[in-house]
Each structure stands twice: as C-alpha cells, then as structure tokens.
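See structure below.
Order of writing sets the labels: A, B, C and D. Residues in every chain begin at 1.
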Amino acid sequence: MATKSLICLEEYEEEARSILDRNAWGYYSSGATTEYTLRDNVQAYNRYSIFPRVLVDVSLIDMSVRLLGDTIDMPIGISPTAMQCLAHPDGEKATARAAARMGTCLTLSSWSTTNIEEVAKHNGSHSFRWFQLYVYKDNNLTIDLVRRAEREGFKALVVTVDTPELGLRYGDKRNKFSLPRHLKLANFSERDSSSLASSGGSALQEYVKKLIDPSLVWDGIDWLRSITRLPIVLKGVLRADDAREAMKHDIQGILVSNHGARQLDTVPATVD
Amino acid sequence: MATKSLICLEEYEEEARSILDRNAWGYYSSGATTEYTLRDNVQAYNRYSIFPRVLVDVSLIDMSVRLLGDTIDMPIGISPTAMQCLAHPDGEKATARAAARMGTCLTLSSWSTTNIEEVAKHNGSHSFRWFQLYVYKDNNLTIDLVRRAEREGFKALVVTVDTPELGLRYGDKRNKFSLPRHLKLANFSERDSSSLASSGGSALQEYVKKLIDPSLVWDGIDWLRSITRLPIVLKGVLRADDAREAMKHDIQGILVSNHGARQLDTVPATVD
Amino acid sequence: MATKSLICLEEYEEEARSILDRNAWGYYSSGATTEYTLRDNVQAYNRYSIFPRVLVDVSLIDMSVRLLGDTIDMPIGISPTAMQCLAHPDGEKATARAAARMGTCLTLSSWSTTNIEEVAKHNGSHSFRWFQLYVYKDNNLTIDLVRRAEREGFKALVVTVDTPELGLRYGDKRNKFSLPRHLKLANFSERDSSSLASSGGSALQEYVKKLIDPSLVWDGIDWLRSITRLPIVLKGVLRADDAREAMKHDIQGILVSNHGARQLDTVPATVD
Amino acid sequence: MATKSLICLEEYEEEARSILDRNAWGYYSSGATTEYTLRDNVQAYNRYSIFPRVLVDVSLIDMSVRLLGDTIDMPIGISPTAMQCLAHPDGEKATARAAARMGTCLTLSSWSTTNIEEVAKHNGSHSFRWFQLYVYKDNNLTIDLVRRAEREGFKALVVTVDTPELGLRYGDKRNKFSLPRHLKLANFSERDSSSLASSGGSALQEYVKKLIDPSLVWDGIDWLRSITRLPIVLKGVLRADDAREAMKHDIQGILVSNHGARQLDTVPATVD
C-alpha cells in the first residue's frame, strides 16, 4: 500500500474495500442478517446534536480520562477485533504500537493472529492494555489465557457475554469464511484452532459452536472471578437489569456494545 | 431447479423471481394497489428492537408452544397460500411434508391445487393441520369442504373474513392473472373452478365476485359454528372491537393479519 | 389516443406525460417553488391507516352524501381545474358529461376553455354543478360571471380566496407558459383574456397580476353575498380562525384546500 | 458569464458549480466533515409549515424591520462570506452595490478580497453596513480593523465566536484550498495574509491556527467593548446560556448561526 492521503474514516473504509480480498473484507464489514443495526450504528449519531458553548479557551485541551484506576489520553480506545493479520501483515503488532503512541487503551482479542506475548512486547512497558476473553467449554483453555494475560501485564479481562453462538452473517456464509493457511489463532495450539477451515459455512461459526460454552451463566462469571485478581469487564451488556446483576458479582465494569451489530440484528444502536 | 445454496429469505425471493413466469410471480408478489402496506409489512419489523439478556443458558432451546390444545415445535407456522403448484409441481404436497418435518402447523388454503385428501396424506398421521375456508354463496360448497376437512383430520377451520371482494392488485390486473390449463382448484368440481380463466382482468377477482358471499355477517359465522365441532379461527381481524365481538360467537381464536397486504392498502402492518 | 388499458392513477399520469406537450404538462403537473407540499399532498395519505371492520354486508354499497341540500352518489367530486382543452380537444365538455354519468359534483373553473353555457349543456338538466369564481378588480366582470352561472343552473359559487397573486411555479416560468392561439378563456371577451400570451414569464401569473384584486378582504365577500342568492363556498381556507370568520359572513361552506400545492410551498398537505 | 435566465436558488447553485473551479467551488459549497448539518440546514425548513391567512389585503406589502436603531427594507440581509473575488472579479464590490440597491444590510467579512474602504465606497453614503471581525492574537491587527470600520461608516461589529479553530472541511482538505496568486486578503498587509498558500492541507485552516486567538473568552469581548463605541453582535451563538451571558457583557445582539454548517457537524440546523 503506497502512502495515500486519506482524510476521513469513509476514505479509509473505501481504501480497505479496494485492497482486501473478499474473504477478509466480508469478515470485517458484515453485520448480522439484514444489517439494519449495522447501518443504524452509524446513523444513530445523527440523532444526537452537539450544542457547542462559545468563548471557551481551547488553546490547551486535555481529553484524558481515568479508567479502572489508570489514565488514558483520550476517551477513545481500541476495541477487540479478531484476526487483524487478515488485513495487514503487521496486524496486532501495529495496533499495539499505535495504541502506545496515542496513549490509549488496547483491548486485545483472544482470537488474535499474533500471540499475547508478542503483542505485549509491541505495546511496551508503560502501556494500558486489556485482554478480551471468551469462556471456553474447556476450563483449561480459559485458565491458560488468563494466566498469560496476567503475566504479560494486561490490566483487565474483558469477557464477551453476547456470543453464546456466533451471529449469522450472510457475507461470511456466502464466502465460506476461513482463515488463510499462513495465519492461525496465535494464542491457541494447532489442535484448538484447526477448525477454522470452513466445512460449508462460516468456519468461525463452526469454531464457536465447537469450543465456546453456550450454557455460560452468572456462575461461570463467579468462577472466573475466583481464579484471578484482574478487574473484570463484561462486554455486550445492553440491558439495565443485566448491568445491575453485574454489580452483585464483583464485576468492575461493563462495556455497552452490540458487538458491531454482528451478533443480533434489530438490537439498539450502541450509541443509543 | 438445481440445488443452490440460498442463505436468506431475500435470496429465495430473488431466486423465485428469476424462475417463475410473470403470471405466477405477479400473483405471489403483488399487494393491494400502491403496495404501501406491502412494503410496510416488512419495514415494520425494524420499528421493534430486541434487547437481549446476556448470560442465559442457550445450550438447549425449547420454542414449542401450545395452540388450541395441541403443541407445535415453534411459534411459526405456515399460513394459507393459494395455488402452490403455480410455483412448483410438488406444490401443497411438499409444503405438507415440510410442515410435518418441522413439527409445526400447516394451514391449507381452500384454493389449493392439490386436494384436501392428498395434502392430508402427505402431512402424515400425527401432524397438526388446519383448513382455511371461505364462506360461499352456495352453502353446499361450504358444507362439503367442512366435512372433508373433518374427515381428513384437520383440527381447526380458519375462516377468512377480510375478503368479501378480492383486493385490487395491479400486477394481477395487468397480467390478466389466470390459472394455467394443467392446474385447477383441486377441492372443487370442474364447474365451480371453471371461471379461473381471465375474461379481461384478474380471473381470481372474477371468481370471488361470482362465488364468495359479500353479505356475510356474524350470523353466517353462527351458522358455520352450528354445522361443525371443529374450533373456528377468524383470519383477518384487525380491530379490537371485532376481536371482542368474536368472543360472543363461540370463536376459538383470531388470526391478526392484513392478508399479506393484498386486500386493502394503507391498513396497519401485521406486526403493528 | 388509442384506447389503452390504464388501471391506476399512476398509469394515467404517465400516459399524460407522454402525450402532452411541455407547456401543457408543465402547467398541470407543477406545484409552487420546491414542490415540497406537492409531494406531501400524496405522501400524506400514507400517514393515515384504515382499520377495516370485518363481517359487514358489502353486497350493496351506498356512498351517496348530501351537500348543501343536494345529493351526490359519492363523496368525491371534480375540483375546478383551468383550461382543460390544453389536455384534450373535448376539455370541459367531456368532464361535464363524466360528472353527470358518475352522479357527482362538477365545479367549473372560471378559466375554462369552454364557456359556461356549453358546459351546462353537456352537464345536463339534472346534474349538480358549482361555479368557481375569482373576484376581479373590475366588478362588472365578476357580476357577469355570477349572472351567467345563475342562469345556467349552477347551484353554488366557489370563491377562490388563496390567490391574491398566482403561486410561483418554476415549470411555468421556465416554459414561459401561455395558452396556445387556438384556445381562449371562453368565459371572457377577447380583451380580458388577451394577456394570456407570455411576455417573459408565466402568462397566467401576469394575467392574475393585471386582473385579480389583491386587496380583496372580507368586505369583498360581503359584497358578493349581496349580489346573489346562490350559496357561497370559500375555497382555499387552511386555518380554523378563517373558518370561524367565514361563519360570520353568511358563507355556506369552506373547501379546505392548498390549491394542489400550487400557491404556497410548505403549507400543510390537504388531507392533513 | 452570458446572461442566463435563472429562476431559483437551485439554478444559481447549479450555474455556480459549472462555472467555478474546483478550489473555489469546494470552498463555498463544503460543510464540516460528513455534512449532515449542511444538508439539514436546508431540509429543516420543511419541518415548519406555513398556515396562510386568506382574504388579507396584499396589494401593498411592507417588510421593513428596525435593527439596532436603523431600518432595512426586508428582514433578509447579507451574511459575511469570505473571499468573494474567488467567484467573480467584482466580488465584494458587487455585493455592496446589491445590498444598497435592495435596501438591506451588508455584513462584510474581515477576510474580504476587497478592502474595507473600497467596499464602503460601493455600498454608498446612506447604506446600512456592518463589519465582521475575528479577534486576533495580535491586538494591533484587531484594533486596526475596528478603527477602519468606524471610519468607513460601518454601524456594528459582528464578532465571530464559533471559530477558535477552522472547521474540518473535507473538500478544502482534498483540494489543498488556497487563495489564487492574483487575490489577497485585502484588509491585511502582505505579511499577515501570506500564509494563505497551502502547505499540505487547507491554507485557511493553517491561517486560523497561526493568527486567530483560540484562548478567547468573555474577557476578550470586554476588551473589545472597551476600545469602541460601535454596537457589538456575537455571531455563532447556539445556546441559551451563552445568550444570557452575552447580556451581562454589554453586547447589543447575537446572531444565531451554525456558520453555514462549516464549523461543527451535527449541530442543530440554524432555523431550528
């Protein structure tokens, strides 16, 4: 990719569409079923107006915020997105360096194509990084990820709670989405990521069906709480009653998200 | 039709449009006049948001519901649609087998291109099937249909009450819709379905004008009630006062429906 | 025009667009300025839902209504539209015959291309006809029209009160709208309609500026009331306070109308 | 430009698009970022309906209004727009003559391509003119502009308070907007307008960053109040609390404006 002058998000998106192959573009761009909420996630921002105050000194601007006891330079962080080497050979390493340079939070996906240890190295000694986690049917898989995240200086666990099954994404189903041979889920042994070659539909959907625990309830969160001292953040909470329930389980935060509209269609836009 | 991998309703619709002839596609796809409600029937679903609860055990899912004393495996059934052999030679037989396999309810249209007896055979001994009925000017026609439905194990009568005249569908009028010669309304004698060749406009509209009773009022429902012990469900009720009136006439259920937006335009979307 | 099978209003409109010349089509189809209300006049109908009652005897339907003491067969009449011979050589004569045949009300425009006497003849002896009127700067012009309408059996005067100036219609301005040489405003002498040849913009706009009284207020209506015993209907009232004012001036009715969205843009849709 | 018959704003806009080069058209037509508010500024007018009163004498119309003690012929004036010679060689001189002929207010932009003295000459001795002002980091620049405006008969200062930084306009950034060599900001010395050649992005954005004071608060307005007796109008106020604050600082008026949607996107439409 020659250096082009891209000036807004829409141009980055257009550039990505022209560079990526169909399998990768389909994976990154698709939302659940009719993609109503995918579109609404963007349009919803227009439903909120900014009423700017005038004659305010803006010569020095401090957008830093405190988050679970740490400070980041701006209230915008990097959400976990899987398999970034699909898009660029530097993948998660480049993202980790960017987060460090911008002084903001990186949340690394469990399903990264670069392993925890290498990402930590590129994120640097002083950075603020969290680790995203699914709860696996096999407790040992989960425990192994937690221990490695602790060892590598990740400061919180972000547990995805809206994916007992992977959302139905027509794009991935049409493309029979699979991870190319030269890539792998780098945090897992060969055995545990081997199913990511498609046997007819989305390989990722089959992977989730095989490994992720669809019977996970609040007890499972309590168990996770019992095996680590890291703060736990639940990702994917959309209801007030679920947020209140989280407070009873010694949870340090929730991340209100509809998973990029990739899990269920016609859920509310994230900003709503 | 070669086996294609169709993954969503929109692709089935697209495939049907490419396979069916104009007469058949026009019949299935058209709504009343400007088709405002036809479009709204679909768009209305986006006006309702899903607020999913997280950390619920979904490893085993039971969607079965009880309906007039019977149980079906899911709260989605097959509504009566007429003349299915227009679309595929197996027509209502295939639909009957599909309903049995999915463990759900089949409501057979009176205007099927396969007769009651054969549909019942394909639906099987244990299945849950209802029979859709118009009230004819000629009582004997109505009585004959009721007796055959009773004999063949249909468990309820679904009386369409929103069709004193057939809705004005521009598509059918343009195409001078008619049933092809090799098909017939299989539940009727040659005489009673012979008018289904167009004499200028939609043949079905002429058929309804000739045979269906436009003066049908609640007395007619009472008469139907008096000649059968089957539960009666009124199909096409859109008003609360009509629903309350139904309760006074020993009616077992109503089916809230705008007839696929095919009768009157600018009525509310069914889901509304 | 060969007889085509046109089945809905949209097809008649499309047919007209293909047959009429630019001057005539522009005149009939254009609304004021940006045509926001022109579009809204149609779309507004979708904001009202029909909630049909079922099991009502519709074998005999009577849609007749009483209007200022007379009965018409349906609550739909023919509004005054000017210069109908622009569209078809039979013009207002054909419209008058159609109104008689359908048993409904004809309101004849003052600016018809067929004179009052001939229209009355084609409308027949028993028909229900009203006459639309502007109040002219020259009282004699107005009086002449009133006397002729009385003599020819018109049963009410419909006074247009929303046109002190003609609305700004871009289509007519671009086309420099004018009445073709073989047509004339048939209710007026050569002198009083001669300005209908364009001198740069819409000829009709210039005609209104020259002849119609822009200083007309309620006194002018009182004057009209004093010179005739015919019922008077005010056409173009959009406000409740104007409707109440009308009641103080011995007015028999109002016609709520935005003049086909041709006078002012961004007024409410007529049905609203 | 040959004289064409342009009949509405849309046609003037279309004509301008066809005549102007990309740099100039981009500058005039672009709004901030996604241009949501740019579109909404226009569409918002459709959210307000006109309810016209009928039978009102409109033969003589007086639209004059009093504004800060003076009278203008209509409640529509000319807002400050910068660098008008980009569009036409006569630029601000033509605008000044037009304002005088229409009897309405001209607000001259500080960033005009014609200097204050020449614009005053073309606006004439009796005209009603105001001067738009930014507060510069260098007080001498501001004082010089104020004195010249006073001397040339400008009757108020319109201080722009919504531009501590220039809004991000993709069009200007893509075009690397710059003032052509033959034009300059005519109210400033060569030194103070020299940065208007682009060094990579919008030259105007760089100019604002270099010269305009981003730390301006209410104290700065008090200072401006102390150096002149001219009425002061704050331009760009969108909040009620800012309007109330203005009253405490001896400000004579506010101009509710979102700067043509050029500063911040998703602010409310001006008419709202």
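Basically, a contact is a pair of C-beta atoms (placed from the backbone, for glycine too) under 8 Å apart; a residue touches a chain by one contact, two chains touch by 3 or more.
These numbers were taken from a predicted model, which means no experiment stands behind them.
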| item | value |
| --- | --- |
| Touching both chain B and chain D (chains) | A, C |
| Interface residue identity across copies chain A, chain D - same or different by half | different |
| Angle of rotation relating chain B to chain C [CA atoms, steps of 5 degrees] | 90 |
| Distance between the centres, which are taken as Cα means, of chain B and chain A, whole angstrom | 45 |
| Whole-Å separation of chain centres (CA-atom averages), chain A against chain C | 64 |
| Where chain B touches two or more other chains at once, by residue number | none |
| Arrangement of touching chains [line / ring / star / complete / other] | ring |
| Complex interface listing, chain D residues touching chain A | 33-34, 36, 161-162, 164-165, 170, 173-174, 213-218, 220-221, 234, 236-239, 241-242, 263-264, 266-268 |
| Contacting residues of chain D [partner chain C, same complex] | 7-8, 10, 45-46, 48-59 |
